[in-house]
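Dumping the structure here so I can ask a few things about it.
Should a chain be cited, it is by its letter among A, B, C and D, assigned in written order, with residues numbered from 1 in that chain.
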Amino acid sequence: MHDFLQKIVALPWDQSPQWLFLIPGLLMLLAASAAVCLRNLIHSALCLVLSFICLGVLFMALGAEFVGFVQLLVYVGAVAMLILFAILLTPAGEVAASNNPLKNFRLSSALHAAAGAAITFLVLAGLLTAIFFSPRAAHAVLPAQAAAAPVALIGENLLTHTLLPLLGIAVLLTAALVGAALLAKEDTSL
Amino acid sequence: MMLQILLALSAVLFCIGLLAALTRRNAIMVLIGIELMLGAGNLNFISFWKFSAHPENLTGIMFAIFSIAIAAAEAAVGLAIVIQVHRRLHSVDVNQANELKG
Amino acid sequence: MNFLALLKDTLFQFLGLFKNLDTLPVEFMRLLREFLVKLGALCGIAVPQWALDLVSSLVIIVAILVTFLILFALMSVFERKLLARAQNRYGPNRVGPCGILQPVADGIKMLTKEDLVPRAADKVVHYLAPIVMVAPALMLPVILPYGRDMVAVDLPVGILFFFALSAGAELAVFMAGWASNNKYSILGAMRAIAQMISYELPLVTSALVVALVAGSLSPAALVAAQGGYSFGFLPRWFVCTPWGFAACLLFYIGALSESNRCPFDLPEGESEIIAGHLTEYSGFKYAIFFMAEYVGMFAINGLLVTLFLGGYQAPFPFLEWIPGWCWFFAKLWAVALSMVWVRTTLPRFRIDQMMLFAWKFMLPMSFVALLAAAAWYYAGQGLAGWVLSALIVVVPYLLLGTFCFTRHHSATNRRYLYSE
Amino acid sequence: MNFPGSGIIKGMAVTARNIVGSYFDRAHAKRLTTEQYPEERPTLAEASRSVPFLVYDGEDPEKGMRCVACKICEKECPPQCIYIVKDSDANGKPILRPKVFNIDISVCMGCQICVEVCPFESIRMDNIYEMSSYDRFAPLVLHKAQLLKSNAYYHGIRPTEATATDARIEAGRIRKEAALKAATAKVAATKAAAAAKAAEENKPSQPEQNA
């Protein structure tokens, strides 16, 4: 008993192994696949949220806490809510159509789906080949000093090196806000 | 090896998004696919930043922040368009929005 | 040295800690770690760092959870008593002395009730919604500094953490409303989300005002920046400056809205939509929603205290002998009870008024507060800064209040988007 | 002072006055109108009513019972919550007294029609209100023994009405006695008249005889 306790205590519990980030990563992939495959739109949006949360956790695990929390704030708090709202405001979409797949079956759409799947498969194969056979990726090592992104440094960067893009983003977001409001207005004469 | 795994994760995520964008007919599902692809891009930015020679430059972080902001704008405008399309065609099927077809 | 001697020794040291109440919790944690190391030595095991961290984290987690659950229980009875008193009633006074044990009775009632799930409900989402609601709410209090060096997790992005997690509440409300498969539920959820998204903007912006002046997103650093006294008597709390006062009020209103409290309780407006997203919940799940709402409210009040009311800082120099954590909780109660006071006074908004207020008053005013804070920062924080920032805040306030919110304006062109 | 938001401050002052006032006001008892029910009983208005009961006169419920089992209330009761069985003596001859008188108060709606139709001022409305029980059926059917309550009790819960009833009964009794007297007198008179007539019938012969 005593020896066993000592052995347990001596294990390197505090040094998390490098593959630990695979847990949120794989969960993210699982949730994303569910989001794509599920028939119920709300379910797939909720799975999308789970996948975004996992992505945020992955960012935090990689040392980018600020980006991780921004990811949670923007995607879970805003984008996912927008999607859920849009699903509720556009009723009887795919859900009704999918009740009877045979009735809605069309050759063109089947070909369409097959072509899409083929393209996706090709892209995936290309990407994975590039990733696993590229010498630079294989030999990438963690830099000596651990990567960290303190908030103060990010703020300073935003207002010095990337000031122009920041202004651009500000204009873009304003334009998007006005545009979205205009588009969604009911009696717009487009 | 860790970088490769991260990149592979992001590649698979990207392809899941691509699959949704290419095969699903519902416009909202297409938007969900695009969001997934943007997320995969962000993951690439962060992992390249993590493994860059000068992480203190924060280039990847900056890119990721901007990309998140753009994704938010894109979602807002995209969903507004979806709602407008639904109002006109009473459907969110992207194949039915073909009024401009000659 | 045997076990009993160690225990006795530690106990005496523990009693000795009561000489300085201010540092008592921090010193207690140190003592606990020392005790564990000595205990390990007694058993012949070298206690590693991670085990100490694990134990102390667990102790802190339990302490925070218990504190907030007690706050929740007390709040539920004090709220009812105050509401009753404002209406010249007694309020709960049956269970225990002066009704103080009412939450126990409520809890027993809630837990023994039947847990109903509608047949047409989406079972999985209906089950998950309370969990999604309560998990972030219980995680929120960890970043608050309760006293000097008493912060569980000193995150450099603490404020961001707080707002990122409160997004979970929106998701949970939506899940609850949609999964119930009930018109009232979905209406309540839609209202709740529209309200939360609208009020999150002024809420975050008014928190940003403080971050702008203090130059940090870490709650502990923000409280530390509010120590001391300007002009010799006025505490350097951010609420005691013109911009801080404006931002504090905005944050307070935003907090009322985020925690779905009157006058922003449209999502659960009993007279209109039964209980909104909670309509189809009963028993334990309802209790969990209720608890999450109250814990979330206390957490956001704690953030308000941290950001504007000087956290654990004493208001006057001659009161500094009172421990910092006492000040924190006193302020927390003051803010929480003031929310009850507001609840007794103000009637519920109509939905168009609520949206109008968010977008046409709160948002511009929070930008004005941001501007005022910048003016204060660059005017050197002296008398010139006071006058300048006060002007920047007061003039737009009067203009907005006079021209934007006349009765005539809010009564025309009313349209109900979701009730047609 | 009128500025944007001043209305909120005024409203807050009102509620604050009430909160503080409910604790420290001199007219404390008058201000908090809640009755602390199990300790403080409400004083019921004289006209308040819940379920019917049966009035008896004097000391003994069985002897003083006013009810004669006429069953009018049973017939008139809209929800039909009254059940009456007539009593009979050893020979099977019915007597004017109920053997069973049940009222199902879970069905009774307190309409007071039974009271209005009762010709004997026997059934009256009670004002009891703690009638809850753990069973829905048996305890909510009141039997004769539970229903019978003294006239003194009736005077206790609604004095005005009871006095009026007593006066009415008394008047009825007096009228009855008078009627009885009159009837007796009438009978006597009729008898006398008949006797006189008979006498007269017997008489004519006599005058004839006399004549």
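In this section, contacts are C-beta pairs under 8 Å (C-beta built on N, C-alpha and C of every residue); 3 or more make two chains touch, one makes a residue touch a chain.
This one's a predicted model, so the numbers in the text were calculated from it and none came from an experiment.
**Student:** Which pairing of chains accounts for the highest number of C-beta contacts?
**Tutor:** Pair with the most C-beta pairs in contact: A-B.
**Student:** Of all the other chains, whose mean CA position lies farthest from chain C?
**Tutor:** D
**Student:** Whose Cα centre is nearest the centre of all Cα atoms in view?
**Tutor:** Measuring from the global C-alpha mean, the nearest chain centre belongs to C.
**Student:** How many angstrom lie between the CA centroids of chain A and chain C, rounded to a whole number?
**Tutor:** 29
**Student:** Just the number, please: Cα centre separation of chain B and chain C in whole Å.
**Tutor:** 34
**Student:** Roughly how many whole angstrom separate the Cα centroids of chain B and chain D?
**Tutor:** Distance between chain centres: 83 Å.
**Student:** Centroid from C-alpha atoms only, then distance chain C to chain D, rounded to Å. What do you get?
**Tutor:** Computed value for the inter-centroid distance: 62 Å.
**Student:** Among the residues of chain C, pick out those that touch two or more other chains and give their numbers.
**Tutor:** none
**Student:** What's the contact topology between the chains, one of line, ring, star, complete, other?
**Tutor:** Basically the chains just string along in a line.
**Student:** According to the definition of touch, which chains form touching pairs?
**Tutor:** Per the contact definition above, the touching pairs are A-B, A-C, C-D.
**Student:** Hey, which residues of chain A end up touching chain C in the complex?
**Tutor:** Contacts found on chain A: 2, 5-6, 9-10, 13-14, 42-43, 46, 49, 56, 65-66, 69-70, 72-73, 76-78, 80-81, 84-85, 88, 150-152.
**Student:** Write out the stretch or stretches of chain D touching chain C in their complex.
**Tutor:** Interface residues on chain D, with respect to chain C: 3-5, 8, 11-12, 14-16, 18-19, 21-23, 31-34, 36.
**Student:** If you look only at chain C, which of its residues touch chain A in the complex?
**Tutor:** 43-51, 53, 122, 125, 155-157, 160-161, 163-168, 170-171, 174-175, 178, 186, 190, 193, 197, 200, 215-217
**Student:** Okay, in this complex, where on chain C does chain D touch?
**Tutor:** Interface residues on chain C, with respect to chain D: 82, 85-90, 341-342, 344-346, 397-398, 400-402, 405.
**Student:** In the complex, go through chain A and note every residue touching chain B.
**Tutor:** Within the complex, chain A contacts chain B at residues 18-19, 21-22, 25-26, 28-29, 32-33, 35-36, 41, 44-45, 48, 51-52, 55, 58-59, 62-64, 66-67, 70-71, 74-75, 78-79, 82-83, 85-87, 89-90, 93-94, 97, 109, 112-113, 115-117, 119-121, 123-124, 127-128, 131-132, 137-138, 140-143, 145, 147-149, 153-154, 157-158, 161-162, 165, 169, 172-173, 175-177, 179-184, 186, 188, 190.
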